[in-house]
Structure formats: C-alpha cells, structure tokens
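What follows are several structures.
Below, chain A partners chain B and then partners chain C, in two separate complexes.
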Partner chain A sequence: MSYLLNPEKFYLQQSNTPSRQTVSTTYIEITGSKCQVTTSSTVNVLYQFEYYISTNYTFGTGGAYDKILFHVKLQKSNDNFSSNIVDIAGTKHNVSGDTVENRDYYYTVSSPTFFTSVDSNDYLRLVIRAYSTSNEGYLHQMNQFDGSSPNQKIFDTSLLVAEI
Partner chain B sequence: MSYLNQQKIKRITPVLDSSFSSQAIYSNLVALSGCTVVDYEPPSGSSVVIYEASIQISWHPDAQGSYLNSRLQTYSSGAWSTVSNTSLMVGAWSGLFDENYYTYFIRHQIPSWTGARSLRLFARSYNQAVDFTFGRSLDADGTVGSGARPHVLVYAI
Partner chain C sequence: MTNLINHNFNHLKYAVTTHTSAQTTSDLAETFTTISGSECDSYAVQGTHAVYTFNFSAYKSGVSIGVIKLEYADVGSSSYSEVDSLNRRNIGNAGSSSQFNRWALRYSWIVPSWTGAKKFRVQIGHPSTNQALTCHALDVWDGASTSTEFYSSSYYIYSI
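Take a look at the complex of A and B:
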C-alpha cells in the first residue's frame, strides 16, 4: 500500500497523558481525535487514530464483569461541532470482546483508518458510546500492569491525517 | 503500513529480519525478539520519531487468557529506559477457555533526539495465569507455523 502525500498537508498529533474517559450510552468525543483540515478546497484525506480501550475495571454502575461492546464513528463539521455535525457514511464500526461469556476482561489498542472527503477547514473527530450500561468501558488508562493492581498507566493517543 | 513521502517523513527504517521464531512470554520481563529492536538516528531538524509495530500473540500456553504488558524502551548512556506513556496491557481473560490469537498495530510517538539510539519493545505477561506466545502462528493443516514475526517501521517527522 502506498500513499502519495502532499508534504504540506501532513498532520500528526499526540494527546499527552489524556485523562481517563468513561464510555457509556451517550456518544462522547475521544480525546485527541479532533483536528481541523485546513485546505482551500475539497480534498481527500487519510485519517488514522490510535487509542487505548480498557474493560470497566471498577465494576461501577454497569455492574461487575461489564463486557465491552462499543459503537464508533467518524464525524465532520464546518463549525467545530457547534451545530453542524455530520456522521460520515461508512465509518461506523464496533469494538468488542466476547459478549456472550459471563465475564470478559478485555483490553486493546484500536487503530481505525479511514479515507474520506472533507471541505475547506472542516473538522474531523471520532465519537464513541457503549451499546448498553452492561457494555461500558474506559479509554486511555489501564489499571493493571506488570503483575500489580492497581497500577495505573496512561497510553497516549496518536492521530495521523494526510492529504492524499 | 508505508508512507511514501521522503520530503516530510524522514529516514523510514523498516526492520527486515526473516530469522524470527516465536517466543513464549511469561511473567518475567524480556525483550520482544530481535525483530522489534532497531538502531535509529533521527535526521537533523526532526521533532518526532514514530515507532510502529504490527504484532501477533497467541493463547499458548494459557488458554483462559493472554495479557501482553509491553513498553517502548530506548538505549542511551549505557542503559535502557522506558518511554513515558508507552505502557500497554492488551489481551483478554474470561471465565472459560479461549484459544485466541490477537493482532495489534501499535504506534508510539516520542520526541526526537540527537545521535543514534536503539529502540525496542520490552514485555512480560501480566502474571502466570495469562502467559502467551509472541508471534506464534498456526498453519492451515493444524500444525504450529514458522511464526508471525513483528513488522516494525521507524520514521521521523
């Protein structure tokens, strides 16, 4: 696979030490996923975002042993998502572990990649929600590491956008 | 993944090593195979170094779960050190036996530096109940394959 990139339109962004986000049954913007594509015309872009997903390790309102089932989609806006919010067709997808077993402690990195068209100065972002309160989870933070719990670690997000 | 842009993306360095064999990972820290190690000197004027790895882990030997605990390390001044916010625990554990294979794409962004340094992934399992095998593959005839080696790419911007 090759991308012939415009060297002036390559964008890389990192969210340093993002706070933990709780994914519940309302769509939220994933920290670090938003950017503005500053062009003078309609262009095609590659959008790739890397972020961390954790099971609900506090066993909170969703109950013990939440089993992750997330809905994720890419949106664009011409007013920084103030009133103009457009779901980009064909970008809806899911992230889940095993939702059938009575417990599933699931941790992963997700790296969705899209090719889409944007207009001059459009914003892009990823939004996410859980299927139900029994499928909630967290982003950016893990609670276990190297045999210790709690041993909280943060995983920085990484956003790459390129005009193609 | 490859990005063909020599003007903005600089010094693209893939790790090319066909000698890989799978590696059982237990709860003691080890370097993840020679295929994740790369010596890299960012070009002058770079601000960020990107380390990308596509990896596979398999359930073997613990069918109930696999938890990879990895981190990116750099070698300079005679010692390896862990880059902040690159710790990563991935995998799953369930109440029943699952013989799962997982593939992950990992991208770490770190500030650039002057001179050459080595980079590597350093890892262990979370504990003995969730050991796994790094790069273990299974062939279509049901035999253990030659291994799914990590594919690592480093570049600077």
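Take a look at the complex of A and C:
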C-alpha cells in the first residue's frame, strides 16, 4: 500500500458570472476551465471542473428546442493553446439528457474529473461541441428561477486542480 | 488563480483505469454489478473519516434508473458490506423509451474510520428489468457513431 502524503499545490478557480456560451458544432473552450499548472517538473494532477448546461431556450415560439448532445474533452498545451494542442486520452465523454418532446428543457450540472500528467507550465482546458446543428445548447445560464420565466441566472463554474 | 499551499489530500490513494471495452450492467431487477475501475484493493484510514470518490461515464437509450452504492470489505475477505445504505445515489430518467442519456458521473462518500485495511468497490443496480446501462464506452463522437472511444474511470480516497 502506498500513499501520497503531501500533494504540493492546490489550484482553485471560480469564474465570476461568466457570459452565456452557445455550443455549436465547432469546439469552444469552456469559460473557467483553463488553468496553468506552474511546476518545475512533470507532475500528475487531479483536474475537477463543474459547469452548467442548459437547453437553448431562445428559439421562436412554436419551434422545437434542440435536444442537447455535447462532446467534451480535456486538452493540454505548452503555449497557451496557440499552436500546441493535445487531446488527453481517456477524457472524451458525452452529455445528453431527457429531451423527447419538442419543448423539453434540459438543465444539468456536469462535473467531470480527470487524472493526467503535465509538464512544467502546461495549460489545461475543457472544450465542447454539439453533435449536430440539431443538438446545440447553452452553458452557464438558466432561463427559469424562483418560479418565474424568463428569470435568467448565471451559474459560476468552479475548477480544482491538485498536484498529487 | 488562487494557489493554496499546504493543503493536501491526506494519505491519498488513487487509480485510473483505461478501458478498451464497454461494461453493461445487469438487465435483471435488483441485481448489482461492480463497476470496473472502482475497486480499491486496500486502504487504511488515517483520521476520523475517509472520503472515497469515483468517476466514470455511462449512457442509456431508453428508460433506466440506476441505484449506486459503495461497499467495503476487510482485505483478504470476500464478504462485502454496504458502507451506508442510507447513502445510495440514483441516476437516470423514467420518462420515455426514446430518450438518450449520457453522463460523466462523479460520486463521493464520507466513510467513518475503521480498524485495519479495507477494500472498496462501487456497485450499480436497477429497480426494474431491462434498464441496463453501458459504462465506459462512447456511442457517438464528433458528430458520428463510434465504437472505439472510451472514457477512463478513476477513483481516489483520502483521510480527513
């Protein structure tokens, strides 16, 4: 049995009222998911992120809402995602929900967790896209709260990265 | 970014499992399956409690309700017991056979201290028949069907 006694650093990051993001069929970086791990050597880290997913509720009246189906993956980079962008194996996953009727809403908090190795000063981030143009949606913002609609509220993302 | 020095996971143990095949839970009612990648072979708590966390992915076409529980046993024993039967978790929906749920899931349990070393596992079952989930595999990726993409599960446990 082996234990890791003293992880060196915790990085905690919470976004402050992030703007609503629209997820379409091109990958975008999820606001609040990017961090730089400042180490002097290669280390293993725990990466844990929470963010809010919502139906695109701004379609015209009478139309059907898109039925959310998102692809999500973790990436790392040694140049702040300028030209060096690496998909991290084993982190690809999908998010979809109970959206059968034309006007179904789908709200959920997604909390993916990963372990990966990073080199000195590497960046990490989550990127997301929709399966098709019929599966688009929003991040961070809900359309209903406290019993009223529209009553749009923002969910702040939170990120924990810990050297282990 | 705030950098908090000197915080730590006390006596952290973790494992990442790379999957190359799907795991399907049982289609039988009330029949529990151990989720591969959740098994911690030995842990001795160093404090008043341990925190066990498990991360995995799953999907289901159609109706499914999952009941998730944490079990432990003394190392060397095959007799598992549920850590806390009041701390089970549910996932899923029961609305329509045409729905399609896909998740990256993370569950944590706070476990009171114990004597000696114990091993842990997470199990999932369903209240009714034909509600099996598919774990670890992806059915779609980048706008197309796939049978070659898998999500790595992981657990970590530490003492508090």
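FYI, the second predicted complex is superposed on the first by the 145 of 164 C-alpha atoms of A that agree within 3 Å, B and C clash if a C-alpha of one lies under 4 Å from a C-alpha of the other, contacts with A are read in each partner's own complex, and residues count from 1 in each chain.
We take it that a contact is a pair of C-beta atoms (placed from the backbone, for glycine too) under 8 Å apart; a residue touches a chain by one contact, two chains touch by 3 or more.
Quick caveat: nothing in here was measured; it's all calculated off a predicted structure.
Touch criterion not met for A:S33: it reaches neither chain B nor chain C. Residue contacts after overlaying the shared chain place A:L12 against chain B and chain C alike. In the superposition on chain A, contact is made by A:V109 with chain B only, not with chain C. In the superposed pair of complexes, A:G97 makes contact with chain B and with chain C alike. Once the two complexes are overlaid on the shared chain, A:N56 sits clear of chain B and of chain C alike. By the touch criterion defined above, A:S158 lies against chain B but remains apart from chain C after alignment on the C-alpha atoms of chain A.
By the touch criterion defined above, A:H71 lies against chain C but remains apart from chain B after alignment on the C-alpha atoms of chain A. When the shared chain is aligned, no partner comes close enough to touch A:S24: not chain B, not chain C. Touch criterion met: A:M142 reaches chain B, while chain C stays clear of it. Put simply, chain A uses residues 1-5, 7, 10, 12, 97-98, 111, 162 to touch chain B in one complex and chain C in the other.
The part of chain A that touches chain C in the complex is made up of residues 1-7, 9-13, 25, 35-36, 38, 46, 48, 69, 71-72, 89-100, 110-115, 129, 131-132, 162, 164.
Residues of chain A that touch chain B in their complex: 1-5, 7-8, 10, 12, 14, 16-17, 50, 52, 97-98, 101-109, 111, 142, 144-147, 153-156, 158, 160, 162. Put simply, chain C touches chain A in their complex at residues 1-5, 7-14, 16, 18, 42-44, 53, 55, 57, 59, 93, 95-96, 98-104, 106, 117, 138-143, 149-152, 154, 156. Those residues of chain B that touch chain A in the shared complex are 1-5, 7-9, 27, 29, 48, 50, 65, 67, 69, 85-96, 98, 102, 104-109, 124, 126-127, 157.
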